[in-house]
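Heads up, the next two complexes both have subunit A, just with different partners, subunit B and then subunit C.
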Partner chain A sequence: MLGGVFHAATLFLVAAGLQLVFGVQRIVNLACGSFYALGAYFGFSVVTWALKGGMPQPLLLVALILGGLLLAAIGLVVERLLRFIYDRDESFQMLLTFALVLIFEDVIRFFWGTAPYQLGNLYLVYGRLQVGGLTIPVYNLLVIAAAAGIAVLMGWFLARTRAGRIVRATAENRAMSEALGVDMRRVYARVFTIGTALGTVGGALVVPATAAMHEMGIDLIVEAFAVVVIGGLGSMRGAFVGALTVGVLKAVAIATYPEIEMLAIYVIVIAVLVLRPAGLFGRATA
Partner chain B sequence: MIRRAALVVVLLGIAGVPFMGGDYYTTLMLPFFGYSIALLGLNLLFGYTGLLSFGHALFVALGAYTAAYMTSVFGILHVEVILLVSVAVALVVAVPVGLLCVRYVKIYFGMLTLAFGMLFYSFLYKFYHLTGGDEGIRVLRPMLLGQSFPALGKVEFLTGPYYYYSLALLVAAAVVMWRVVGSPFGLCLRSIRENPEKAESVGVSARRYRFYAFLIASIFGGVGGTLLAIPTGLADPLLAYWTHSGNLVFMMLLGGFANFFGPILGSFGFIFLQDQVISLTQYWRLVFGTILAVIVIFFPHGLMGVFDPRARAGG
Partner chain C sequence: METTRRKFLGLLGGAAAAGGLGTPRAHAQAGPIKIGVLPIKAGVGALPGEYGLRGTLWATERINAAGGILGRKIELLVEEESSPKDTVERFRKLALQNKVDVIVGVISTGVGLAIGPVAEELKMLWLSWDGTTQKGVEESMPKPKYSFRSVDNEAEAVMSSILTAKYFKGKFKTVAGLNPDYSYGRDNWAAFLAIMKKYKLGVTPVADLWPKLGTTDFTSHVAALQQAKPDLIFSSLWAADVSIFLKQAHAVGLTANTKLVFPVAGLVHETLKKAFTPEGMILGYNSMYFDMPKPSPLLQQFTKDHQEKYKEWPSYESDHAYFVIAAYKAAVEKAAKASGGKWPSTDQIIQALEGVEVESLSGTRRYREDHIMEANFYQGITTHKNKYDFVTIDPLEVMSTKQIQKPSGMGLYEWIESWKV
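Up next, the complex of A and B:
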C-alpha cells in the first residue's frame, strides 16, 4: 500500500510534467518517460560523484533534486527543436517526441551502458520506521513528502504568481494572451523546462529505492499516460488523483493477483475514456 | 503511364530478388511484405481518414498469435485457413475496440489505441499459460496452397515458395486497397479527413465511416502480422508493445503517408536502413530517432514526397 503511494508520488511528478506541457502547448510528450529515465541515471551519477567528493550521506536527497533540476536544462534544447512544428498537426508533434524517445534511449545506452545501476543501501541513511509490524524506509516517506511539496509548490505557482497566471492564460487562450503582449516563446520555453524538470526530478528520486534501468522510461510513459487519461488531460488535480489511483491500484493488484497488474490499469483507463472522455477532472473539449 | 511502367519495373525487381540478392537479402525482404500489408491498412486510417493510431501493432500481434495458435496448438498448417482466421480474429477484436476508439479523434484516438495495444500486450505478457508469456509461441512452417514442400530446407522454403506467396498476397492486398481508396467510400474518408463537419452536413456519417476504415485497417494489420510471424517462426508479446506501433507509424511516415505507395516504400526503407545501420553501429535508435525527427520537421511527406511531389493521397 505504501509502496503504491511511493510509486504514485514519482508517477505524479512525471504525469504533472506531461499535463503542464499538454495543457499549455497541446503537445503529448511521449519523451517525458525518457526524461524520467535520464533523471534516474543522472541522479545516480551525481550522487556517486558527490559521495566521492566527500558529500555527507544524509545530503543524498538534496543531491538528487539538484541533479534533476540541473538536467532539466535539456528541456530547453528539446523545446528549441519542438519549436519547428508548433503550427503543425498534433499527430506530428507526438511523432517528434517519439523520435526523442528513440534518441534518448541510445543516449542512455551511450553514457551508461545497458547494465542497471543501484545505489545499494544508501537510501537507508535516513533510517527505517516501524509501523505496526511494517518496516518502512524513511527515504520513501521523504520522497512522498517531496512530491507532495512539489505539488503544493506547483499549485501555488500556477494560482498565485504572476508567471503562473500568464501560463494559465496561455493555456486558456493562446491568441488572446499573445495579443495582450505575452511573449509566447518565453512562456513555452519555461513551461517545457518545468515539465522536463518534473520528469527528471521524479526519475532522480526513485533511483535510491529501486535502480536505474533503461526500460524504465518507455514502461513508465504508459503508466503516466494512464494517469493523465484518468485524471483528465491538462489538469493538475487530475494528475494527482490519477497518480494515486494508478499507484495504489498497482500495489493492490501486485499483492492480490499479480497477473492483472497492468490489465487493471488499462481497464480503468478505457472505462474512464468511455464514460468520461475528458477524464475525472478534465474540461470537456471534444 | 510512367507510373504504371515504374510499378511494373519495381514488381519485376522484387520478383527477381531471390535470383540476384542471395539468401540474406531475400530473407530480409520477407518482413517487408508483412509490414507493407499492415501499413496499407494503417495508411487508410492516417493518410486517408486522418486518424493516427498508436496501437496498430495490436492487430499485427493478433495476426502473429493467430498463426502461432493455429500451427502450434491446433495443428492447422494451411496458410489460407490461417489467414482467414486472422481476418476473423482481427475483426472480432476490431469491432468493440473500433466502436470505442472512433468516438474520438486526434490525440484522444491515438491515446486510446495505444491503451488498447498495451492492454493486449500485458495480457500476452502476463497470462503465461495461455500465451507463453515473454517467450511467446512458436509458429510452425505452414503449407502453401496445400503443398508442404518437404524437399526444401527452411531457407529454401522461405526464399522460394513463401517469398512468392507473400509477394502475391501483397499485390492482392494493394489491389484491394487501391479499389477501396478509389471507391466512393474512399472519397468519403478523404472528405472526413479534410473537413468532418462539412462531410457530415452532406450526409457522410463521420463516425460510421471512421469505424469501417478502422475495421479494414485491422484486417490488413492481422494479415500482415500472420505473414510476419511465419518467417520469424515466433509470436512474442513485443509485437504488441507500443514502441512497435511507433515503428509502424515511423515506416509510414518515412515512405510518405500522403501517397498510396508511400507506406510500402517506407517499410522497404525502414527494413534495409535498419539492417545497414545496425551493422555499422549499436546505436541505431539514435540514428533512427534523428531520421524521424528530420522527416517530421522537414519532409512531412516522406520519401514519396521527395520522389513524386504531385502524388498526394488522392490529390
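Up next, the complex of A and C:
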C-alpha cells in the first residue's frame, strides 16, 4: 500500500503540472515527462556537486527541491516557444510538445550520456522506520509529505492569493480577464513555470530512491495521462485523486495478481471514460 | 526525348565507372572494408548498445593500427538499431546504398527476427551481437546462410540455475521471480523453474512478478515480495532497474535474509554499489568478466583502455562486438589463404566463418557450424572484498556454452530433460 502511495506522490506532481498548464493555457504538454526526467538528472548533479562542496547529507531533500526549482527556469524558455502555437489546433500543440520530448531526451544524452545515474545509498540517510513488522524508509514518507505539502500549497495559492485568483479567472474565461486588464503573457509564463517546477521537483525527489534514466519521462507521461483521464482534465483535485487511484491500484495489482498491473489501471480509465467522460472532477464542456 | 535528372545522373555514373576506375569489384577491393554497425542508441537498450559500439571501435582501431585486414583498413558506418521496421530500413540502406561488406550489431531479438530474412534476401552477411531467444532460433530462422547469431539468451539463466543447485541446495524452499515482461524474461524464468524441477529441489514458486522493462520504481514489487516471503528471488533484470530494485529492497530489509540469483545483472556491474548490494548472491556477467584473477593480455589491455577513455569498467556487450569483428578478420584471412591471397567472396567468407575460432576478450570463442556462437560464461558469488565501491564475484565460476547451451538441432526443454543429474 505504502509503496503505491509513494509512486502516487510523484505521479501527482507531474500530473498536477499537466493539469495546471492545460487548465489555464489549454495546452496538452507532453513534455511534462521530460521535465520530470530532467529534474532527476539535474537533482543528481546538484546533490553530487553540493556534497563535494561539503553539504551535510541530511540536507539532501533541501538540495533536491532547490535543484528542481532552479531548473524550472527552463519553463520560461519553453513557454516562449509555445507562444507561437497558442491559437493553433491541439494537434499542433501535441506535435510540438512531443518534439520537445525527443529534444530533451537528446539534451540529457548530451550532458549526462546514456548511463543511468544514482545517488548510492543516500536513500537511507534519514533512516528506516519499523511499523508493526514492516520496514519503511523514512525518505519515502518525506517524499509523500512533500507532495502532500505541495498539494496544499497549490490549493492555497489558487484559492486564496491574488495571483491564484487571476490564474483561475484566466482558466475560466480568457477573453474576459484580458479585457479586465490581466497581462496574459505574464500569467502564462508564470503558470507554465509553476507547471514545469512541479515536474522538475517531482523528478528530483525520486532520484535518491530510484535512478535518473532516459526512459523515465516517457513512462510517466503515459501514467500521468491515465491520472488525468480518471481525475478529469484541468482539475487539481482530480490529479490528486487520480494519482492516488493509479498508484494504489498498481500496488494492489502487483501484490495480488501481477498480470493485471497495467490492465487494472486502464479498466478504470475506460470505466471513467464511459460513465463520466469528463473525469471524476472534470467539468463537462459543451 | 527529354533527358530527365535521373537519367542524367545515371549517365554520369556510368561514365565514371567506364572512365578508368576499372570494374567496381576491383575498386571495392582496393578501398577500405566497409562495416555497417547497428547499435541501440535510445531507451533501456542504449546501455548495451553503447558497450557494443565501444567494443567495435576498439577492435577496429587495433586492426587498423596493425595494417587492416589483408592490407585494407576498416571503415565503420554507424547507423542505429531502433524498432524492427526502422532498423530493417537502415539495414537495407547499408547493404544497397552504402554497399558495406558486412553488417554487425543488433541486440533485440525482435529486431533480429526482422533482420534475418532481409539478410538472406539481400545476401548480406550479418553478424549479430545478441538477441537470440528460443523463438528466434528455433522457429523463425531454422537454417540461415547469411546470418550469424549470438549465444542462446537462456544460457546465463541455465548456468545460474545450475549454480543455484550447487550453492543453495537444501537452503531454500520457496522462490519468487522478478523478470522483465518480455520474451527474454519469460524464457529465463521458465528455464529456471524447469531446471529446479530437473534437480528435484522441491521448490514452490510463491510469486512471479513481471515489471515492464526499464521500470524505475519497484516499491510496489518490493512490498509484494515482502508479503510473499520467498527464500530465494530469481531475477533476470539487466538495466538500471537492477540497482533500483536492490536499493529499494535493501531499504526495507528484504535482501538481508533472502537468497538472490541475478544471472545477467553484471551488465550494469558498476551500479551494484556495496551500500545496498549484499554479499552471497549469485551474479552473472554473461561472456566477459572485467576483473578476472588472471586476465589475458587482450582483456587487460581492453580494460585499461576502456577505463582511461570512458572512466568506467567495461561490460560484456563489448566482448560480443569485439568477437564478431575478430571472427570476420580471421575468416577473411583464412579464406584468402585458401584462394591464393585474393579477397574472398561472401560465400567463401561464410564458409570460413563456420567453425572459426578466435581469441576474444572472454577467452577463445567460436562460431558453431549452425552459425551460433560459443563462449565462456562467468558467474559467481558476490563479495565486498575488492578495491571498488561496487560488488565483484568470488569464487568465480566459468562454464562453456558446451555445458549451458542446447546443442544444435535440439529444443531447450528437451535438452534439459535429457540431462543426467
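Rule of thumb we're sticking to: the second predicted complex is superposed on the first by the 285 of 286 C-alpha atoms of A that agree within 3 Å, B and C clash if a C-alpha of one lies under 4 Å from a C-alpha of the other, contacts with A are read in each partner's own complex, and residues count from 1 in each chain.
The criterion applied here is as follows: a residue touches a chain if its C-beta (ideal position, glycine included) is under 8 Å from a C-beta of that chain, and two chains touch if they have at least 3 such contacts.
No experiment lies behind these values; they were computed from the predicted model shown.
After superposition onto subunit A, partners subunit B and subunit C are found to clash with each other. By the touch criterion defined above, A:55 lies against neither subunit B nor subunit C after alignment on the C-alpha atoms of chain A.
Looking at the shared chain after the overlay, A:213 reaches subunit C, while subunit B stays out of its contact range. In the superposed model, A:169 makes contact with neither subunit B nor subunit C.
Of the two partner chains, subunit C is the only one that A:3 touches; subunit B does not reach it.
In the superposition on chain A, A:66 makes contact with neither subunit B nor subunit C.
In the superposition on chain A, A:259 makes contact with both subunit B and subunit C. Once the two complexes are laid over each other on the shared chain, residue contacts for A:120 go to subunit C alone; subunit B is not touched. Look at A:99: by the touch rule set out above, it reaches subunit B but stays clear of subunit C.
In the superposed model, A:136 makes contact with subunit C only, not with subunit B. Residues 105, 109, 258-259, 261-262 of subunit A lie at the contact with subunit B in one complex and at the contact with subunit C in the other. Residue ranges of subunit B in contact with subunit A, taken from their complex: 46, 52, 54, 100, 103-108, 110-112, 114-116, 118-119, 121-123, 125-127, 242-243, 246, 249-250, 253, 282-286, 288-290, 292-293, 296-297, 300. By the touch rule above, subunit A contacts subunit C in their complex via residues 1-4, 6-7, 10, 105, 109, 114-116, 118, 120-121, 123-124, 128, 134-137, 139-140, 206, 209-211, 213-216, 219, 250-251, 254-255, 258-259, 261-262. The part of subunit A that touches subunit B in the complex is made up of residues 28, 81, 84-85, 88, 90-92, 94-96, 98-107, 109-110, 218, 222, 225-226, 229, 233, 258-263, 266-267, 269-270, 273-274, 277, 286.
In the complex of the two chains, the subunit C residues touching subunit A come out as 41-44, 46-47, 49-50, 207-210, 212, 214-217, 219-224, 226-227, 239-240, 243-244, 247-248, 250-253, 268, 271, 273, 275-276, 312, 389.
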